[in-house]
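Note that chain A is present in both complexes that follow, paired respectively with chain B and with chain C.
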Partner chain A sequence: MARVDVKKTYKLYIGGKFPRSESGRSYEVYAARKGEFLANAAQGSRKDARDAVTAARAAQPAWAGATAYNRGQVLYRVAEVMEARRPQLVQEVRDAEGLTAAAAEAVVSQAIDRWVWYAGWSDKYVQILGGLNPVAGPYFNISASEPTGVVAVLAPQESSLLGLVSVIAPVIVSGNAVVVVTSADRPLPAITLAECLATSDVPGGVVNIITGKASEIAPWLASHRDVNAIDLAGAAGADGVDWGALEEASAENLKRVLRPAGTGADAVEPDWTATPDLSRLTAFLETKTVWHPKGR
Partner chain B sequence: MPKFEYAPAPESRAVVDLQSSYGLFINGEFVDGSGASFKSISPATEEVLAEVSVASDADVDAAVKAARTAYTRVWSRMSGADRGKYLYRIARILQERAREFAVLESLDNGKPIKESRDVDIPLAAAHFFYNAGWADKLGYAALPGGANPQPHGVVGQIIPWNFPMLMLSWKIAPALATGNTVVLKPAETTPLTALLFAEVCQQADLPPGVVNIVTGAGPTGQAIVDHPGIDKLAFTGSTGVGKMIARAISGTRKKATLELGGKAANIVFDDAPIDQAVEGIVRGIFFNQGHVCCAGSRLLVQETIAEEVESRLKRRLETLRVGDPLDKNTDVGAINSKAQLDRIIALTDVGEAEGAERWDNGCELPSKGFWFRPTVFTGVSQTHRIAQEEVFGPVLSVLTFRTPQEAVAKANNTPYGLSAGIWTEKGSRILWMADQLKAGVVWANTFNQFDPTSPFGGYKESGYGREGGRHGLEPYVKGTH
Partner chain C sequence: MSITQTADPALDATSRARDLLGVSRLTNQALTRWLHGLPGVDQVGCEARAAGLGTRSIKTTSKAWAIDLAISMIDLTTLEGADTRGRVRGLAAKALLPDPSDPSTPRPAALCVYGDMVGIAREALGADSGVKVAAVATAFPSGRASMAVKLADTKDAVRAGADEIDMVIDRGAFLSGDYLTVFNQIAQVKEVCGDARLKVIMETGELVTYDNVRRASWLSMLAGGDFIKTSTGKIQPAATLPVTLIMLEAVRDWRDLTGEQVGVKPAGGIRTSKDAIKFLVTVNEIAGEDWLDNHWFRFGASSLLNDLLLQRQRMTTGAYSGASYIADDSPSTAY
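== the complex of A and B ==
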């Protein structure tokens, strides 16, 4: 007789822990192709989002204060752990996105490679983006990038792992902390990614992952005064989400807003297999310029 | 301490040839506005300087269309090298006519001639000169778009009254260098140097429509913000209006740079060179009558030296010369408008009512115009409104601290994040503090320094985007946020 396997309970990831939603709710997640039941995912709430922001705010200064070399190694470690969990990630991406085994393998490979790409930027982008400014006077003057703080991210609805990695890695590599609302219908790879993060020396609270409906959770993040920036990528194809309204709510404390791709009011999910540039990283940076006189 | 008596040393007004009325500058020509007009006065004397048109929605539309045509037919097709040469021409003409601009700026704005002459106008020319050189080198600037960064198209720019020409240069120079065309609205109380700049554009043979200048108040600005033909906005002004703009463009593809308010901490440690620090405190808050978004309006002084710093500061403030902006010996000029004076009076009254101790230098003030004595509040706590809200006037709030950690906590305890100052002889402490402070510009052992190569802009509710330097080009090319 075949062994009865042990199924995983998919929970949230907040402050380095895996709680259920405080609301006690869950929702059924189905496979994309044949619609078979996969799991009950936690249905995150407003309170979960607020807890996640609190955890992110608490974790952010130490993460930003770590050396860039250290952040780079920690993020590289995430790729190592993802590689070790490849079969599980491939299966979940197959189920979530209805891909063939070969296609899912390719997606997971690219997701791992993308972590490696962003990890390597940790101690380089500051040199690319800043430097000494030759002011017309006897002053030392230098500009350097700093993380903006706590960033809310609406993860893509379609690309459950590659898209997810592509929106988390560029935010945290610079020292931001992030609160992610996952794809509503395809949340399971995100929780497995959370398990990779939890075992990769990424400090608890640097990445917080909430499964559920963006239409329910995103407005609270957009209007939250202790969130510094918001990435609206996942508004594309999200039921009941009006990215313009989220951007409007974000103006209350002048959050930096990364709009979804598309033209006009439309939001489209970009092709995540395309080679990235630095724009998702620079969207969540501040430039600080320091002056000091020169003299004998 | 005896005050030195100075004979009056007025700069001549003869260099300025004021017209009695001005139209709008659209498509390379001055045209009559279709709306009403308003008067621009000298805040030092309340004398009417000129009548200026209020640009209506139709006027703004005409300006945007002129800018679009110029963008499509001329400016976007021109080589970067040629765009740069126009900007070099403008820089040179500004240098040639610098005194004229300085006098007009001081007349219209109320700032001391020594500031308009030595800071505002030379820096404005320098911004054009600096950005001129970028126009054919954008591929080297590590911008989105790599070797071939693309402009947005038509940019709407709305500037404040505190540094009229300097803010104009911060806005127009990088926009034109990157290949955009502009519609700019100067502030309603200080439109005259922008209109004189229109003449400079004519002298430089700048193609018609590349720069359009529309005058007016809030509704004119709103017409620019809402116009569907505008691709990007750049605004310097209050955080309140900045938020309105952010809301107005939400859900569209219009971009925005926002340079907004501030409540900067100027932090003085007990090992600081006190005399230099006092000069820096004065420069930080009394430069330009304190009408400076990055002004060092909160003095955080280490408890052990608080008394000494306060007494030396007050002694220094008693020597400040407040009065005629055109007098070459004037240190502090006129408050820019009656409305701003009323705001300063209201907030300082609240400061007193909330229990802070008020002191001013007791100087005589002219009988006409808008004036406010250099004022210091001591015994201020974090919760006082004068410690939280931007006064935008010659008013300093003094708070104390014991440890560097406390100084950082107090300095960052504000929704703003534009600038900060640090005074200490200890290098490692400067660098540690600079890392901790949530501010876009940190001045260590100096304050209120500006340069075209140096990026300027805020954290948090002081806005987003940078102006100046390589960073200042980024908001004007596609692929930015």
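== the complex of A and C ==
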């Protein structure tokens, strides 16, 4: 007798759990090249986004309070788990992006390496970005970086894994918590990444992943007063995303906004294969400066 | 009602109980027969009914109305060993102006504190704020003290200016079937309350069965309680929807029987607006609209107010709000 297929249910990742969308909705995901049906993904709603922000807010202080060394180790562990799931990631990236097997292998390798690269920065960026400021008085004047808090990220629409890793890792390495809205058409690698995160000591709530349409969810994240920053990377090429409105809504509580290159409809996704710099990491930091009296 | 008014409310309660029970002498046996004659609670049916009422979807203008009503029904509570004058004053300030960004926000019904903090709360709230002061008394939360101590505790709080007294019943006596003791204690506390309204805490989490919740409700009303309250908040489970449903049935049936209306106060464990709205739906469906008023229904809660304020801000501004936009009700204990 033929065995019945056990199909995977792709759900959201909120607060360390994998719930279905509060809205009960799902949508069909198709492969990029031949358009065959891949899976049903949960279609996240504004209330899922709200729950994710609540979970992120609750998790953020403890994550920021962990030592930099510990955060680095936890992130490195994610790379290890991704390596163990390589075949699955390769297949999903192939399906999602229509790549050849060799190209998909290369993308997954680069995604894992990207994760390791950011993990290594955890106990180093503060020395690079902060330091002792020269002041005209008998004081030490010291600047140090701190995480900005809860960051909303619109993940890239095209690059389903490398792009995704490239926007999540720099946000959380410094102690932020993140709420990610995945690529609408290519959400499956993101949920597999969520499973890697769930099994690798990243505290629940530090990364929350919502599959669905950026045009539906982004306005609520942009106007959410408990979100400290928003990365609009995935607004490039997303259907129906109104840039002006997102930036205007973000201004309401002085959110930090990171935009992709180009403006408005001409926005383009960055080349994720290029060697990164610290700009995505520094975009979500605050600088605390302390004056301390200096003895002789 | 055919009750002769006497100077002594305790006797009043006893004589009324005799009338209601149709006995010439109020004995434990008579009370037991009466309480155990109440219909049993269908546990599965009750839980299914509560779950069903919890699925109602309340949206837009109804939700806005429900949120404001729920805020006005809160007994803003702090009952910690670590309570300070500063904390009570901070909570009073929050009761007077729950949301500084929106003065149209209604005030909660009362501030609920330990007896020694009544004076502080009274002073901080002022005389004409409309926010009442409720005090827990009678050796809250265990109730394990002599009757003299319980009465002194109550008198002390009333003298300090409490508008409402939250007493605990002797669960040990109740569970061992000594209903008359529970009755007498409630009646005596009611007597020393004077004009203060008496809320009777049954601590349903310790009563084990729904039948006991129903019996304790009727016993508390019979003894003269103005409110029946689920819990101290110190025991889990605290205020669940099925337990509150049974109590609402009891006050409804009590009014049909005697013509007197008694309030209900679920306390403990109600933290979200969604939960609060489920309770309001249940109040409306079980007891009726007459109870949708803070004179007859209260929420004993500390963190619920914050969630209601967040929801209210979301509805007035159109954007989700966060804890940074809510006044801190646990200020530093330094002042």
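By our rule, the second predicted complex is superposed on the first by the 286 of 296 C-alpha atoms of A that agree within 3 Å, B and C clash if a C-alpha of one lies under 4 Å from a C-alpha of the other, contacts with A are read in each partner's own complex, and residues count from 1 in each chain.
One rule holds for everything that comes next: contacts are C-beta pairs under 8 Å (C-beta built on N, C-alpha and C of every residue); 3 or more make two chains touch, one makes a residue touch a chain.
Everything quoted here is computed from the prediction, not taken from an experiment.
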For A:35, using the defined touch cut-off, is the partner it touches chain B, chain C, both, or neither? Pick first, second, both or neither. neither
Is A:252 in contact with chain B, with chain C, with both, or with neither (first, second, both, neither)? both
Contacts for A:242 in the overlay, against chain B (first) and chain C (second): which applies, first, second, both or neither? first
Which superposed partner A:57 touches (first chain B, second chain C, both, neither): second
Just chain B (first), just chain C (second), both, or neither: which does A:223 touch? second
Mind working out whether A:24 is in touch with chain B, chain C, both or neither, as first, second, both or neither? neither
Larger residue footprint on chain A, choosing between chain B and chain C, goes to B
Where on chain A do chain B and chain C both make contact? 252
Mind pulling up the chain B residues that touch chain A in the complex? 126, 142, 144, 239, 242-243, 246-247, 250-253, 258, 260, 415, 430, 434, 439-446, 449, 451-457, 459-461, 463-464, 466, 469, 471, 479-481
Which residues, counting only chain C, touch chain A once they are in their complex? 318-325
Listed in rising order, chain A residues that touch chain C in their complex are 50, 53, 57, 220, 223-227, 249, 252
Which residues, counting only chain A, touch chain B once they are in their complex? 128-129, 133-137, 139, 141, 143, 148, 228, 242-245, 247-248, 250-254, 256-259, 263-265, 277, 279, 282-283, 286-293
